[in-house]
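This report refers to the structure that appears directly beneath it.
Order of writing sets the chain letters: A, B and C. Residues in each chain are counted from 1.
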Amino acid sequence: MATRTEAVNTAAIVRQSLQGRRFSLGGVAFEAGLLLMLLVSLAILVTLLADIITGALPVFRDRGLDFVTSGITLDSATAGVWTALLGSVGISVIVAIVAFPLGLGAAVYLEEYAPDNAFTRFIQTNIRNLAGVPSIVYGLLGLAVFVRMVDLIGLGGSDSTGGRNIIAAGITLAVLVLPIVIITASEALRAVPDTIREAGLGVGATRWEVVRHHVLPSAAPGVLTGTVLALARAFGETAPLLVIGVATGFFSAGSAGVFDRLTGTYTALPVVVLSWSRQADPAFKENLAPAAILVLLVVLFAANTAAVILRNKYDRKW
Amino acid sequence: MTELRPHFHEELAQLESDLVLMGEQASQMIADALGALVRSDAEAARAVIDHDDVVDDLYLAVHERWLATMALQTPVAIDLRLMSVILHVNSHLERIADLAVTIAKITELSQGLPHDPTVMSHLQEMGDIVSTMVRTVMEAFTNRDLDTALSLPEMDRPVNRLNRKMVRKVVKLAEETDLLEWGVRMTVVSRTLERAGDNAVDIAEQTAFLLTGEFREFTDASHHD
Amino acid sequence: MGNQVAEAPRLAGSDATDVASVPMTVTVSDRSEPVADNPAIFEVDRLNVHYGDFHAVKDVSLGIRKNEITALIGPSGCGKSTVLRCFNRMNDLIEIARVSGSIQYHGVDLYGPEVDPVQVRRHIGMVFQKPNPFPKSIYDNVAFGPKIAGFEGSMDDLVEEALTKAALWDEVKDKLEGSAYALSGGQQQRLCIARAIATSPDVVLMDEPASALDPIATLRIEDLMQGLKEDYSIVIVTHNMQQAARVSDRTAFFTVDMEQTGQRTGVLVEFDETSKIFTNPGEKRTEDYITGRFG
């Protein structure tokens, strides 16, 4: 009998101690504060986007895709981003060709082969530092070295560009994003668990066979994403191009062939945005520039989406 | 070294102390049975028979605890040998107590029969030795004393000798007197005591096995010493 | 290795006699007793391993015999895994590791200058503590080793044989192209065993192969090991003493020796038949450890 009463009393005490929520003002305030920060960030982005879209809308409403396919003119009614788009895409291709192999190779060496000593760590630290160097410095490097180099090897261009062309720009921007490629590729390689490498070596594979058959395929999604990020960065760079020499005003490539387009005068999307936003004609500043920005954003968005799709395709959930 | 597995060691200690208790009971029962026999005391004999329940209870308790410990603790090496020895000793001690009961029963059955004092004194001597053997071997076991354990066969010799002579003596007695029935019963007592002695030697063998890791037979029924 | 011509791997034991034709005999015990004259596969003589300044393993000498299961047991940090990894030169992967003394494998110095560690690992396979199949299909997991070794026969047959020997074939034969990660932990570990034996090694090293598995999967692996013993020699490191007792023919007990420098160096205390180690070990340190008196 005594135990039953005891049990009932215990139950009552336990029930009491389990009830009642502790109201924590601090916790609620903290959560609210975080939410507020998120909303503010979103608000800023949304405002920016809204601003751009409202400015760009008339252009697309009136001219549609003609805006994208027209070359640069001084007339706001006919100016388009086609030449700039070609220039940017050309630069990106060269960036990809140069930065991807170099960056991936460097990352593979650093992660898979380099001994873990002070020298290796020194290199890795400096790569990180290079990633933070202001882009204009790369522009100066490009002007001093790559422009001249391109000219010397005969790709300087038929007109008076003297090497200030897409090739030089591509190489310069490739060097700019190289640290990013190396860092993201390194991280992707590091994310491959060591147990996989151990397993591969355990069945009698050489280090290279392990890297080629197991590590790289595993790291591929991460490496791809890193490369796309780097390309996106290069796509939007303006300052280095200005230093190397890019056409900011009107020019027409006319009926030039591919070689001439590559080695001759060029322009890029962000540069066009810059120059149009400084024009006296308000149409350029308020409508065409935002429209160009919109084209830029669309390209970037498409590139990122492609990266996600590619990543999902290769990243089979093993 | 910190004490790991204290629960296991407690169980082992409990098993040993139960065995020690059983040993005391068995030794005392032999002594009491002989006393009852010599004095022809039926009541004392009955007491010995009743006391066997105590030993049987201990036997079962040890056996159950042994099984549980075996299953739950997976003993190895010296612990495993100790477990093996405990199982055997448990069995031998229970047997010794049963043999004491046999003697007590014979006392009851021999009530009113005439007896021979010489035979009686031999049996008393055998009983004393066996009772001492049981006590001695259990001490050797508890103290892990190899030398004492090895001395058991020597202690057993007079018991065996007296047993061998018993039959001839009884035959001679029966020729001269009417002590046949009593005499025959006394040969049974003698053989029972000899058995009890052998069980005590077996316990000594087990003790030696525990301490050396090698099992050697001290006495073999197929060999005579 | 060395001057030997590399031959296409073929699975050992593929010409086993038909079981049904073996006459019934009365056997006294389940487990075959280790034959006293099984030849030695590894002869280890005064093996020492240093990681930089740290003396990890000191003066280990023992012999591993053919077609036996040898267990290495001992407390944490006693160097048993280190010793195991010396047998297939996995310690080479650690830059600061230094191995001295000798390990003879079929009479050849395993650390001799002409020996290629990559070739070593084709002859001496390894199964790791946590199952680590490649992020590939089941088929590709098993086929990888033979493929890079230059196997030119029927890969399908080889994969089937390896999976059969690893007691996994029936469970996966309909999903060979499926992901290895879709298997359960126990199945993954058996896949790793199949992968290890696919290159036709004669030794399989196992570093706590069952420690990440549930009890039933563990027993299946132990059962598998008894079967594998007929074709391979197995060395297993295990934390689980009961497992070593159940599974091995010979057991080596290692412990940590605190030298004057205060370093925790691993040493070999006792090496003997498993039944002897667990009923009447020669060394007190061994007995203290296996009875749990080691504190």
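The criterion applied here is as follows: a contact is a pair of C-beta atoms (placed from the backbone, for glycine too) under 8 Å apart; a residue touches a chain by one contact, two chains touch by 3 or more.
Just so you know, these numbers come straight off a predicted model, no measurement behind them.
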Quiz item: Which one of the chains is farthest from chain B, going by Cα centres?
Solution: A
Exercise. Pick the chain whose C-alpha centre of mass, unweighted, sits closest to the average of all protein C-alpha coordinates shown.
Key: C
Quiz item: Which chains, taken as a pair, are joined by the highest number of C-beta contacts?
Solution: A-C
Quiz prompt | Centroid distance [mean C-alpha coordinates] between chain C and chain B, Å | solution = 52
Self-check item: Centre distance in Å when chain A and chain B are each reduced to the mean of their C-alpha atoms
Solution: 93
Quiz item: Taking each chain's centre as its mean C-alpha position, how far apart are chain A and chain C in Å?
Solution: 48
Practice problem: Provide the list of chain C residues touching at least two other chains, using ranges where the numbers run on. | Solution: none
Practice problem: Could you tell me which residues belong to chain B and also touch two or more other chains? | Solution: none
Quiz item: So in the complex, which bits of chain A are touching chain C?
Solution: 115-116, 193, 195-196, 198-206, 209, 213-214, 217-218, 316-318
Self-check item: Residues of chain C that touch chain B when the two form their complex
Solution: 241-242, 245, 277-281, 286-288, 290-295
Quiz item: Quick one: in the complex, what on chain C touches chain A?
Solution: 88, 90, 93, 95, 118-122, 125-126, 128, 130, 132-136, 144-145, 148-149, 179-181, 192, 195-196, 198-199
Quiz prompt | Interface residues, chain B side, partner chain C - complex | solution = 1-5, 8, 74-81, 213
